[in-house]
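Here come two complexes built around chain A, the first alongside chain B, the second alongside chain C.
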Partner chain A sequence: MSAGFWEILALLVLVGTGIAVVRLQNAVHAALALIANFLVVAGVYVALEARFVAMVQIIVYAGAIVVLFLFVIMLLSAASANVGADFLPRLPWVAGLGALALAGVLTFAVTRFQPPAGAPALGGGLPQALGPLLYDPEKWLYALLVVGFLLLVATVAAVVLIEPERIIAATGHPAHPRQEKKPNPPIAEQKDERAVVKR
Partner chain B sequence: MVFVSLLLAGIALGADPTPAADPNATDPLWMVGVKAFLVIFGLLTAFAYMTLIERRLLARIQIRQGPNRVGPDGLLQPLADAIKSIFKEDLVVARADKVVFVLAPMISVTFAVLTFGLIPFGPKDAFFGYDPWVINLDVGLLYVFAVSEMAIYGIFLAGWASNSKYSLLGSLRSSASLISYELALGISLLAPVVLVGSLNLQNIVNWQHENGWLILYMLPAFAIFLLTSMAEAARTPFDLPEAEQELVGGYSTEYSSIKWALFQMAEYIHLITAAALIPTLFLGGWRMPGFMEQLPVIGGLFALPYVWMFAKIALFLFFFIWVRGTLFRLRYDQLMVFSWGRLFPLALAWFMVAALVVAYKLPVAILGWLSLLSLVAFSVYVILTSKPKPRALPRMGAGD
Partner chain C sequence: MIWLVASALLFSIGAYGALTRRTAILVFLSIELMLNAAALSLISFSKLSGSLDAQVVVLFIIAIAAAEVAVGLGLIVAIFRRRETTSVDELRQLRG
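Now for the complex of A and B:
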């Protein structure tokens, strides 16, 4: 396996942006470096003719997930978080060792990798080839359903956490017993009030 | 700065290493570069003249003249505007994050320009022996989503980097609304994709040539896609970024000169791209209506390349301007409720209907009848829920 110009460039940019994500002091800059990293990963996928995976990489990771990161960073104004005390003083060392171990395992895996004989060709990772495999009950259908259910549970949990008042109104008992605040009127009622005032 | 972002976009468009779906269909790389340049140049010109056409049309709707002084009928107005915005003072806020502040408009324009190259403008070899599109991706629609998601970052980072509360609030609002409408937009397109069985724009156009325009089968999906793409381009019912009363100038409050113009440019290019995508997906693309091809003389006479595509683009651009002249802006909560509470469930329901029809191999005409039914149901709903005209309200002064 020979590494050409583009492979080395991709490797350098990937490692550089990865280091930037960890080392940049400003969280928004780190998120930008993360976007760059994801875009280069998508480019590597394209070069490997896995176009579907490349697009999903951009849509899900570079798009949705980093946008969420940025929302959290901006709403909490945590762009340059300076908490004073370093709560995990040995974290860089442990993380560095972990990264080295991971790099070793990955190098070993990549150099020893043999594609299994008779593996299905996925046609450049096209959706037409991926779909039947993903939704095949003998392959990955149940795994997919389990993942989907997990995400549903997480969504319901998030709704319960942010809107305890509606849960009380719907079920009759409080999800968080300590909160006894008067619930905000729903949006529909607010609208009506405003209309009455105007007239 | 314009040139840097254009160069980036050109490189990204021209040097896309993805081979076309058909291996013997690729153009030489230099030709792809030339076409990418043409697309970008055309988009910039179209942006400049869209501003003029929009102002003139809005003026007509509002019974006034509009800009008609610079050149004949104001035709040189875009040039004057460009010179003005280039020579205005280019401010950078002292407490701003300088790098991100400069980067944000470039990100906006770059990702706005990237989509248009996908759109086919004619049959193969129609462009002087070359293909009339820049790239032909087999995952074309996913690419459209990917690029339009990345375009949010321009707005988002502009608001944050300006270090001003109006900018930050404006950018949070508009990026939240963009993300919400992105969801309904994606799901509304799933139904046609499932029906056609391909993400490639050219396959979609060819399918429509064989089976009839998708708008006949997919009226709800078309309506949702039309609304959400207006929201993606921040057009009038959804133009929160420009809610002057509440947010000053939204995310671009602190921007001036060419940087501000770049944001405007990105917005209009999104609009033009939407006006080209909608006919490609739902109105037969570059082909003329099927029944006209059957007619003896007219069928041959009007089989001009490009003309139909440009006519359809112009139709939708006019529609967008017309809507801007007619409707008023939604409030922020109305905007969010409309996306999450109306469009999203509707798109999901229609997708499931289409998936059922495809999965059980029912005749496609069922979707056509259901589309008609949904149109009737929507009309009845509008008639039943519209309030009677209020009589004898006291006049409270102009406007509200």
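Now for the complex of A and C:
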């Protein structure tokens, strides 16, 4: 397949921003390079008839996920410093060689792919083409429900991970030492106290 | 198809970053790059074979990446509060 000017340019920008993500020393710059990479990938999605996925890519990936990354990088600026001694001094070289070998194998694998003749149209990858697949019980409906539940569980887990002490205090878990010192009075007793005050 | 080659290159670059970065946050960033490369290859195959199912799978990849980032960054923040470091070389108490 012949590649036009814009395809070559997009390929170069993709690889350049990818190398920037893994090589830049400043973590904020690396995250910004990742945003650039995701935006270019979204443009490629539009070119490949996946317009809804391109919008989701911009909104969720570049808009939400990387911003969460930037938030954590700026919150824990000490955590993102590239400090510490390497255990394996030659690891960058070995990893570079491994990555080159992986790139060679993957490129060989994907260029062997023979597309089937007479491929049907994708409908531009618009929601009216994707929706019936997504909500079809014989296709992806149950996977969609499971992924939604996974998102809910992950969000709850993230909240619990960030502040376990406060969660334990709020639920009155007996194992927590602070809770044992000052137990919350039962609701019935609270009502009685209020009644005493009124009198 | 040039985008399949692009996704192979991006995946390799992400693997290199995941191997060489020293802090957990930047390892995570490289893993996002690899996830995105896999999604790009799926979209390319969707275009080549004319099947919309791959695009649905890419939507799932994006949702799972969001869940993974929420839990992973929560873990990183919790570890940093307790240990004052997120260097993957120093956090090796769980090795066998």
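Here are some notes:
Note that the second predicted complex is superposed on the first by the 126 of 199 C-alpha atoms of A that agree within 3 Å, B and C clash if a C-alpha of one lies under 4 Å from a C-alpha of the other, contacts with A are read in each partner's own complex, and residues count from 1 in each chain.
One rule holds for everything that comes next: a residue touches a chain if its C-beta (ideal position, glycine included) is under 8 Å from a C-beta of that chain, and two chains touch if they have at least 3 such contacts.
Everything quoted here is computed from the prediction, not taken from an experiment.
Chain A has more of its residues touched by C than by the other of chain B and chain C. Of the two partner chains, chain C is the only one touched by A:Pro92; chain B is not. In the superposed model, A:Pro115 makes contact with chain C only, not with chain B.
Contacts of A:Leu145 after superposition: neither chain B nor chain C is touched. Once the two complexes are laid over each other on the shared chain, residue contacts for A:Met74 go to chain B alone; chain C is not touched. Contacts of A:Ala170 after superposition: neither chain B nor chain C is touched. Once chain A of one complex is fitted onto chain A of the other, the partner contacts of A:Val22 are limited to chain C, with no touch recorded for chain B. Of the two partner chains placed by the overlay, chain B and chain C both lie in contact with A:Val56. In the superposition on chain A, A:Ala64 makes contact with both chain B and chain C. Once both structures are placed on chain A, chain A residues 52, 56, 64, 75, 79 are touched by chain B and, in the other complex, by chain C. Here chain C touches chain A in the complex through residues 1-17, 19-26, 28-30, 32-33, 36, 39-41, 43-50, 52-53, 55-56, 58-60, 62-71, 73-78, 80, 84-87, 89-90, going by the rule given at the top.
Chain A meets chain C in the complex at residues 1, 3, 7-8, 10-11, 14-15, 18-19, 21-23, 27, 30-31, 34, 37-38, 41, 44-45, 48-50, 52-53, 56-57, 60-61, 64-66, 68-69, 72-73, 75-76, 78-87, 91-92, 95-96, 98-100, 102-103, 106-107, 109-111, 113, 115-116, 119-123, 125, 129-130, 133-134, 139-140, 143-144, 147-148, 150-151, 153-155, 157-159, 161-162, 164.
By the touch criterion given at the top, residues 26, 28-29, 32, 35, 46-47, 51-52, 55-56, 58-59, 62-64, 67, 70-71, 74-75, 79, 124, 126-128, 187 of chain A touch chain B in their complex. Chain B contributes residues 17-18, 97, 99-100, 103, 137-139, 142-143, 145-146, 149-150, 152-153, 156-157, 160, 168, 172, 175-176, 179, 197-199, 333, 337 to its touches with chain A in the complex.
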